[in-house]
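Please see the structure below; I have some questions.
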Amino acid sequence: MTTEYLVLSALLFAIGALGVLIRRNAIVVFMCVELMLNACNLAFVTFARMHGNLDGQIIAFFVMVVAAAEVVIGLAIIVTIFRTRRSASVDDANLLKY
Amino acid sequence: MEPAEIIPHSGGVIGASWLMIALPLLGAAILLLGGRRTNAWGHYLGVLMSLGSFVVAVLAFLQLAGGRYSIRLFDFIPGIADISLLVDPLSISFCLLITGVGSLIHIYSIGYMSHDPDRRRFFAYLNLFVAAMLLLVLSSNYVGLFIGWEGVGLASYLLIGFWQFKPTAAAAAKKAFIVNRVGDFGLLVGIFLMWTTFGSLAFGDISGKVGEASQGTLTAIGLLLLLGACGKSAQLPLQSWLLDAMEGPTPVSALIHAATMVTAGVYLVVRSGFIFEGAPTAQLVVTIVGVATLLAGAIIGCAKDDIKKGLAGSTMSQIGYMMLGAGLGPAGYAFAIGHLITHGFFKANMFLGAGSVMHGMNDEVNMRKYGGLFSVMKVTAVTFIIGYLAIIGFPLLSGYFTKDGIIETAMHHNQILGWLAVAGAGLTGFYMSRMVFMTFFGKRRWDSEAHPHESPAVMTVPLIILSIGSIFLGGYLVLSNRLMLFLAPAVGRPEELPVFHWNSVAGLATLALVAVGAVLAWFKYGKAEVPEVAPRGSFVTVFARRDLYGDALNEALLMRPGQWLTRIAVFFDNRGIDGLVNGLAATIGGSSGRLRRLQTGFARTYALSILFGAAVLAGALLLVGNL
Amino acid sequence: MGETITFWVLAVVSVGAALGMIFSRKAVYSALLLGGVMLCLAVLYAVQEAPFLAAVQIIVYTGAIMMLFLFVLMLVGVDSADSLVETLRGQRVWAGLAGIGFAVLVILAIGNALFVPEPAGLAAATEQAGGNVQALARLVFTRYVFAFEVTSALLITAALGAMVLAHRERLEPKATQKDMARARFAEGDPSPLPAPGTYARNNAIDMPALLPDGSVSELSVNRHIARYDVERGHLPDDPKLAEALKHAVEEEPVTERSHRHEQASSQETDSQAEVTK
Amino acid sequence: MPWLTILMAVPVVGAVLVALTPKGNDKLAKQLTLAVSVVVLALTIAMAVQFSPKGDRFQFVETYEWIPRFGVHYGVGVDGIALVLIALSAVLVPIVVLASWHDADAPSAKRSVKTYFALLLVLEAMMIGVFAATDIFLFYVFFEAMLIPMYFMIGSYGGAQRSYAAVKFLLYSLFGGLLMLVAVIGLYVVAGKNTFMFPELIGAIQDPTTQKWLFAGFFFAFAVKAPLWPFHTWLPDAAAQAPAGAAVLLVGVLDKVGTYGMLRFCLELFPDASKFFTPLVIVLSVVGIIYGAIVAIGQTDMKRLIAYTSISHFGFIALGVFAMTNDAGAGATLYMVNHGFSTGALFLIAGFLIARRGSPHIEDYGGVQKVTPKLAGVFLIAGLSGLALPGLSSFVSEFMVLIGTAERYMVPAIISASGVVLAAIYILWMYQRVAGGPTAEPVKEFKDLNGRELWVVAPLIALIIGLGFYPKPLLDVINPAVDHTLVSVQVEKFTPAIAEKGAGQ
């Protein structure tokens, strides 16, 4: 049974990654990142169950905390960029190059 | 007869012979470090130190009595060489010549340099020279000899370039040093070869072991030493510096470039007699070089209008005679040294005389502007003429005995060499007569502002003393073989002592040729009008005037290729090696510049590459898991 | 059996929602679909013996994080739809390849791995502590206490960071009421904007007001209402009024009031610039 | 008493104090630096007096564990070779401080005056450390760390092209150093003795192939550092751009680390590889001697010219090291010291000339002798020392190197000896153009040496002349150390072609 969970997790992760690659709206990209994190959490929870060990759940818990912090900062950055550049496209923020 | 053994010695005057070197060295140090404070009395100190050396030399000579003593001073390079002195008849003869003639020239210089603001420095250099020259002749091994050898080179450099502000003087000084260095290179390599062969550099050790060395090695060493001697003594092919060296003050020309330093090559060959005697080929080369130089010098002397350069050519020629004598083995050594000593007197005499003439003629050196000076400067003229008679071998004067000895010995040894030497004597008769006639006789061709006058006593007294030596010294040394017997403990002597014949074929031929030369000179320069501007002259004259194209040859063969080589090397260094390095840097920089275009700034492109990387990793894990 | 059904239903829903999320044009839809995925996952956590995480998932993710997303979407502009035309050459193709390749490889890896046929279950682990939450708490405060403490630092830092990032530095002193009044009088139009319908012939809110001199005041119409009218063709019969409405729609971007204010401030900066010159 | 640690600590503490001096009081910083360097010199002399040449090989040994896990020690100690080089550094630093009194004041300097002097003291500590280290890892650390102060001294206080020169210097040295690091680690691993201590690692590597690889790593670093032809092009740039004082330490001491390393590490750790590579090294050295001299002749910039003469001289040193005879080895070691003095003097005096004229180009001078006889005089003496005139110190060492080389390799010795002619050309031609001829207009305003400058050159000239006539004190210290090194290398002693039996007859 657990294998299916893992496959689902992999699928969700891949979909999230794809979203990161093809979407330009920074907020959507960010959502895709969240999706990837969630996919990982699913895998952790599944592993916890598989091995009869709560550590996986603890890690998932920490991932959530970190994700929360990350979202706060990430969104703040997006808002700041939007405020100055009137754009939320990740392609527009390409000054750091060469 | 073999040379005598060397005995370690420490006491007495001989034990204190290091004073000979130390005194002038101290003088030089005081004068150089003391600066302007010593301006007032510096020249007296210089003379005093030189005289002090002379006194020590005389005392040591009196105590020597034919012995050979070594005096160890201090350890120099442990295991290779120490600084120690060898006092024997050969070295003491040189000491007497150097300090004796040197002191006279010191005294003379007080007058000659009296108007020069840098007189103190001049005396410091003279003292330095005397010290170095004495170290050269007194050292008991080749390392000490080499130090003195280069020391006199340094002094010569400093004195030729004494008037550094004259570009010609600065260039001549440099040239002298560099050409000498070529010779030094030979001497240095010779020393290496002796070290690897004998494991020692002391004269005593090497002469003891010389019999065990192969003849090839000895020949190689001999030729290398000869190269050194050629450099210092201005023998072919390293003769070109000597004529330029006349840029120095005249006392310098007299002391260094006539009487003493240039004869160091002869000293080296005689001192290394044990090597040359084992290597007949090297000896033959020595004699050939000697004869070639004596002729070349004489030819150059015939064409020079500059009185000092004429004398310089003559010096070359006379050293050629000495070299010839030195290449003839024990029979020739005594005559070579004898000629060296008498030449020291009469050539110094003539150089100082020339200096005296120049002193009176506003430093004019062109003999075509002289003429008829006899009546104006009698002392100078008479002493100069005595020197002249000595050098052309006027019977019973010094040169007659010593030069004749060399010619006779050469004739015994090899007829061709002998006759060439006779021809050289004839040339000597011509060019020296030409010099005397052009300078002291004939019409006065002076410049309008020239007011020739006799020099002060401080200059004429040394001239008189030297001319006395020029008259009597030769006869004293040669008759009854005094010098040969005196030197025998140091250099050996032939089994059969030579006997002096006034009526030998060679001697008479020499006299005849000299007379012919003198008469020719009289017709051309005494009786006939001497043009004030030199006529173009024949091919031979031009050839001689240009120093037998020695400089041109050097320039074409060494200087120009050298300049090219330098330019190529500098170019190669900047463009080749450095270019390679900088090119590598530029390549890396360029490719990095292109590579950094990959950083587009689009976060999504980076994310794509990350995902690819992750996929590759996953694939790799899968692959590894399956293996 | 029940778990299997739950899984398959939720799996299909969550994958569908995820795909919808990445392909929908509008960011708000994406956000809602993501919320859906998270809810599905919460249920799956619950199924997999992680009730605490299921609750946290709903509270933190769906409750807090998704709300933050929506807030930001509102700030940035809901109506700005994302163009789906790709601008980077080859990005979409390669992204698709990499994504599919990655998924396939990971799934292959999972399929390849040797798992115990039946999961061990967490009963043993939770039993001793007396429940999932207690067991987690025990772990958090014993073995992971350091990480936990560090997390607290992280959260504080994040909060501070967000404040710093969102904070806008005031470049000029805050305008007092006095300043605002002065500025308004300096503009030469101290009166309030005319209310719609003043001197109107009917009392509809979409009718432009007439000024005392009988002319039409464009300022009196709310432009959103005007746009609605223009789009639906509900234009008044009076051509003069209709013209005023259309005009109001065309001048959409800035309202008259803010327009005025901007002019004033730009003049101010111009004069400042002159002074500095 | 931990002499060597004190010797390193004093300049470091001094550097900190100098860096802490109040801003704007440059004079205090300079005086403090001078005082510290003189103290170091005094301590060095005190230590040298206690050194006994016949005693243990390494003396004043201190060993403490540093990184026990990898067997890295803080291990210091000196033998005769290291002692004379430490003494060289200790003598040169006060002279350099005095000579560069105004070097850092130039408006073009990028950093403050006190920084320059603090860097100088730090450099001194590192120079002492690198020669004193008996732990190879420690040696490596000093070897690389020395680059830092020198980089800043060139890059912040140098001439117009200083950035280029400083970066080139750094990159060259780092590149060599990294190869050496690989070899150091390789040595540690292959030897398997879990230690970096040099005395314990002698003879640890027996496999010839391994020896060759490790030798190559070490040698390359040292060849760049020395620098040996063809790795030399950083030196003329760095030396020409560095302020005169820094150039003295760069060429006088830093580069000696290269030749010192060859003698100490390459030869003893990898004797078989050294013998294998000897022909190559000798060819490089001989090429360097001739090539450096020829290129020096063609230079128009005084400092570059001197730098190229140094390349020629380093060829002599490397030749002496790899000739592997006692005379050549001792000569090479003595050469390292003498070269420091003579080239140091040349650089400093060239620096005085440049400070007066503001140009390093030879053609901008002329007739200096007439205006400033003292300056020209010391310039000539330093130059003559550079051309190895007998009676001056370089002659002894050059003679020993050549005669020692001749003992085993006659032809290279002869070719190298021709360097004496070329040396005369480059030095005397430069002197002729600078000091001879008519006085150039700007030269007429030159002032002769002032008191400070006299104090700078007088000790150097005294040492040059003194060691030229009586090198025995140094040789007595050096000879046992070199003998010891060559015993480890296991080379046969030189015997002349005609054996000693003839001596008694």
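As written, the chain order gives the labels A, B, C and D, with residue 1 at the start of each chain.
Basically, a residue touches a chain if its C-beta (ideal position, glycine included) is under 8 Å from a C-beta of that chain, and two chains touch if they have at least 3 such contacts.
Here the structure is a predicted model, which means the values were calculated and not measured.
For the interfaces B-D and A-B, the C-beta contact count is higher for B-D.
Central chain (C-alpha centroid nearest the global protein C-alpha centroid): D. Separating the centre of subunit B from that of subunit D, both taken as means of CA atoms, is a distance of 36 Å.
Subunit A and subunit B have Cα centroids lying 93 Å from one another.
One inter-chain figure worth recording: subunit A and subunit D are separated by 61 Å, centre to centre, where each centre is the mean of the chain's CA atoms.
Taking each chain's centre as the average of its CA atoms, subunit C and subunit D sit 70 Å apart.
The set of subunit B residues touching two or more other chains comprises 602, 604, 608, 611.
Within subunit C, residues 88, 91, 95, 98-99, 102, 106 each touch two or more of the remaining chains. Residue positions of subunit A touching 2 or more other chains, listed in rising order: 17, 21-22, 24, 91. Of all possible chain pairs, those that touch are A-B, A-C, B-C, B-D. Those residues of subunit A whose C-beta lies close enough to touch subunit B in the complex are 17, 20-22, 24, 90-91, 93-98. Residues of subunit B touching subunit A in their complex: 596-597, 599-604, 607-608, 611.
Of all residues in subunit C, only 88, 91, 94-95, 98-99, 101-102, 105-106, 108-109, 112-113 touch subunit B in the complex they form. On the side of subunit B, the complex with subunit D involves touching residues 32, 35, 74-80, 83, 121, 143, 146-147, 149-151, 154, 157, 161, 164-167, 169-171, 173-174, 177-178, 181-182, 184-185, 188-189, 191-193, 195-200, 205, 208-209, 212-213, 217, 562, 565-567, 569-570, 573, 577-578, 581, 585. Listing the residues of subunit A that touch subunit C in their complex gives 1-8, 10-19, 21-25, 27-28, 30-32, 34-35, 38, 41-42, 45-46, 48-55, 57-58, 60-62, 64-73, 75-80, 82-83, 88, 91.
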